[in-house]
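Consider the two complexes below, in which subunit A is the common component and subunit B and subunit C are the respective partners.
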Partner chain A sequence: MSSTDTRMKVSVWRGDHEGGEFQIFDVPAQDSQTVLDVVAWIQQNDDPTLSYRFACRVGMCGSCAMMVNGQPRWTCRTHVKKVLKDNCIEIGPLRNLPVIKDLAADMDPFFEKWVKAEGVFHPSKTRNDQIEEIDPASVQRVKADAGIECINCSVCYASCDTVAGNPDFLGPAALNRAWTLYNDSRDAGSRKILDAVSGAGGCHNCHSMGSCAHFCPNGLNPMDAIAGLKRATAAAFFRRRT
Partner chain B sequence: MIRPHRTHPLWYAFILHRVSGALLALFLPAHFWVLSMALNEAARLDGFLAWTDMPLVKFAEFGLVFLLAVHFFGGLRLLALELMPWTSRQKTLAAGAVGLSVLVSGTFFLQAV
Partner chain C sequence: MLDIRLYLLQRLSALVMAPLVIGHLAVMIYAIQGGLSAAEILGRTQGSFAWATFYGTFVIAVSVHAAIGLRVIAHEWLGLGARALSVLTWIAFLVLVWMGVRAVWAVTAPGGVA
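Showing the complex of A and B:
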């Protein structure tokens, strides 16, 4: 990285769950600089009390998601030059989640909903059974594989207006996980999954706005997964009635 | 104001479907009230129909036909998304729904003037 003389105006949200305000920092611009680099520079060189969360820095762990200019993004893989507008950037904590401090959002509600959506593996075999052979080209496995690369960053959750309007809505990531497990032939909990996702706050709350698919940094399509759950729950409803 | 996390085609398709549905719901009572005139107030209905020949009213009708068409085709897209395994290419389908609506309402408008 080569430094230049230019500097950027960076507005960073400071506060906690009770409220706060944006604070402006003057940050030197660098080549190949990510938004996470900018946040780290502020914390290391200007204000060590700034709180934020990161771990891997390479787009694998899903820890560093924040709102950048009002849009949820994984900051370690977001280049400054992609989001810089009039030499300014606005960085805030993820939407739809309580704020712990500054840029660190409380992820508990997000992960609690994964459990609520039965996004946990339900074993169908014991360690004494033979390892099951899975055909990667089978229709069911292709559907499961489509959503398996979720890194739990909560970008989709922060982008979703249905979550904003209904705090009980399980959200795109949890429902994407439920659909992945529903299509996993090794998972024995398909009935439990359908019951969990068809109640209040379940898949039928989704208005198909598509923000989850638009912003997912890994290119997944939770809206597609939720549509699959809608079809599966509707089919199960009619099967049970007959 | 449309907030930054909403600036993408499928959110616009969502809001268009919502707004067109709400406006059509507001229009329906007036529509049925006018239709009811056919039963017992024929002269009044004829007067109203003459009023609807005004160019400005025709233009408003063009808007109504657009709302109806965009809600219809947008609704078909959502039904296909939710009930059939056609979940990819939603942006293209949403754009197609708007295109068809412009075609239908535009045809109506050209016929009317």
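Showing the complex of A and C:
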């Protein structure tokens, strides 16, 4: 498939927070083409008013996630040949988030929940203290490392049916971060974290169906992190009462 | 819409229910295999504190468990808000307790229910 004479039918969502519809574009197929390349081609060659978001194009920044054929994906690292069906692709803004315009979803609620879940570092030392030595092989560090490679892409958040049905649910990414920090020996906020994830929108709402783990492009398992939080919060609940 | 308290209540009620379900199934199979008549069964349950405790505990555990489960479904599928959810949870709990306690009383009341 090297020729540029093959063309694909690409349906792209056009609209804003009030609604919209799919618009069909005719895009030339190319070698090693990614879904992000397709979107960029449309914006550069067909309709410059198409809005979308990206930065690194190498799967590091987490800004290019979209719904591709109804499934959340990092578009810069999703090959067209993997998702092309009957020569068609459908591309839309991420699910479970408000749409700003076209393919750009509003990430604010996603990041607000990170803060709400205490997914922020709580320092335990000052600049005057010695740098703490961390043994990468220690059990606790291995647990922290399991979830650390999150790129904040919101793919898991878009895949989560619990977020769809329960808008207060903090969601897989924020809870994965909370669990990572809980296991980070340098973080002094474990109590705060457990309290933050025990409320009405907390980790206990997760149905453990695993869409997050299935779709995370970095192979992380937020469901597992949430199971860890459920255990830790339950243990803390009984500890505090005895 | 599940905080840690409700979550733990639901898990604990499940924990209580698990052996009771097995016990209930075993009793059913035993009663049928042994060909016990309704009168014979009632003869054993009426006035039995043990059976009243067994099924009474079962009723409470089921009511707690189901009420919280319904709460989650009502929130995720019907979008009910916090207040409506609390009302629904309590109503579901009380209705289930009422129906269950009536049924337990009907088979364990000493001398039978008139």
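Odds and ends about this structure:
Heads up, the rule we're going with is that the second predicted complex is superposed on the first by the 239 of 242 C-alpha atoms of A that agree within 3 Å, B and C clash if a C-alpha of one lies under 4 Å from a C-alpha of the other, contacts with A are read in each partner's own complex, and residues count from 1 in each chain.
Everything that follows uses one rule, which is that contacts are C-beta pairs under 8 Å (C-beta built on N, C-alpha and C of every residue); 3 or more make two chains touch, one makes a residue touch a chain.
None of these values were measured; they are calculated from a predicted model.
When the two structures are aligned on the shared chain, A:K230 is found in touch with subunit B and with subunit C. By the touch criterion defined above, A:V142 reaches neither subunit B nor subunit C. When the two complexes are superposed, the chain touching more residues of subunit A, out of subunit B and subunit C, is B. Look at A:N166: by the touch rule set out above, it reaches subunit C but stays clear of subunit B.
In the superposition on chain A, contact of A:R95 is made with subunit B only, not with subunit C. Once the two complexes are laid over each other on the shared chain, residue contacts for A:Q71 go to subunit B alone; subunit C is not touched. In the superposition on chain A, A:S208 contacts subunit B only, with no contact to subunit C. Residues 230, 234 of subunit A lie in contact with subunit B in one complex and with subunit C in the other.
Remark: subunit A residues 162, 165-166, 168, 198-202, 204-205, 230, 233-234, 237 touch subunit C in the complex. The touching residues of subunit A, when paired with subunit B in their complex, are 67, 69-72, 95, 158-159, 161, 207-211, 213-215, 221, 223-224, 227-228, 230-231, 234.
Of all residues in subunit B, only 3-6, 8-11, 13-14, 78, 81-85, 87-88, 90 touch subunit A in the complex they form. Interface residues of subunit C facing subunit A in the complex, by the touch rule stated above, are 1-4, 6-8, 11, 72, 75-77, 82.
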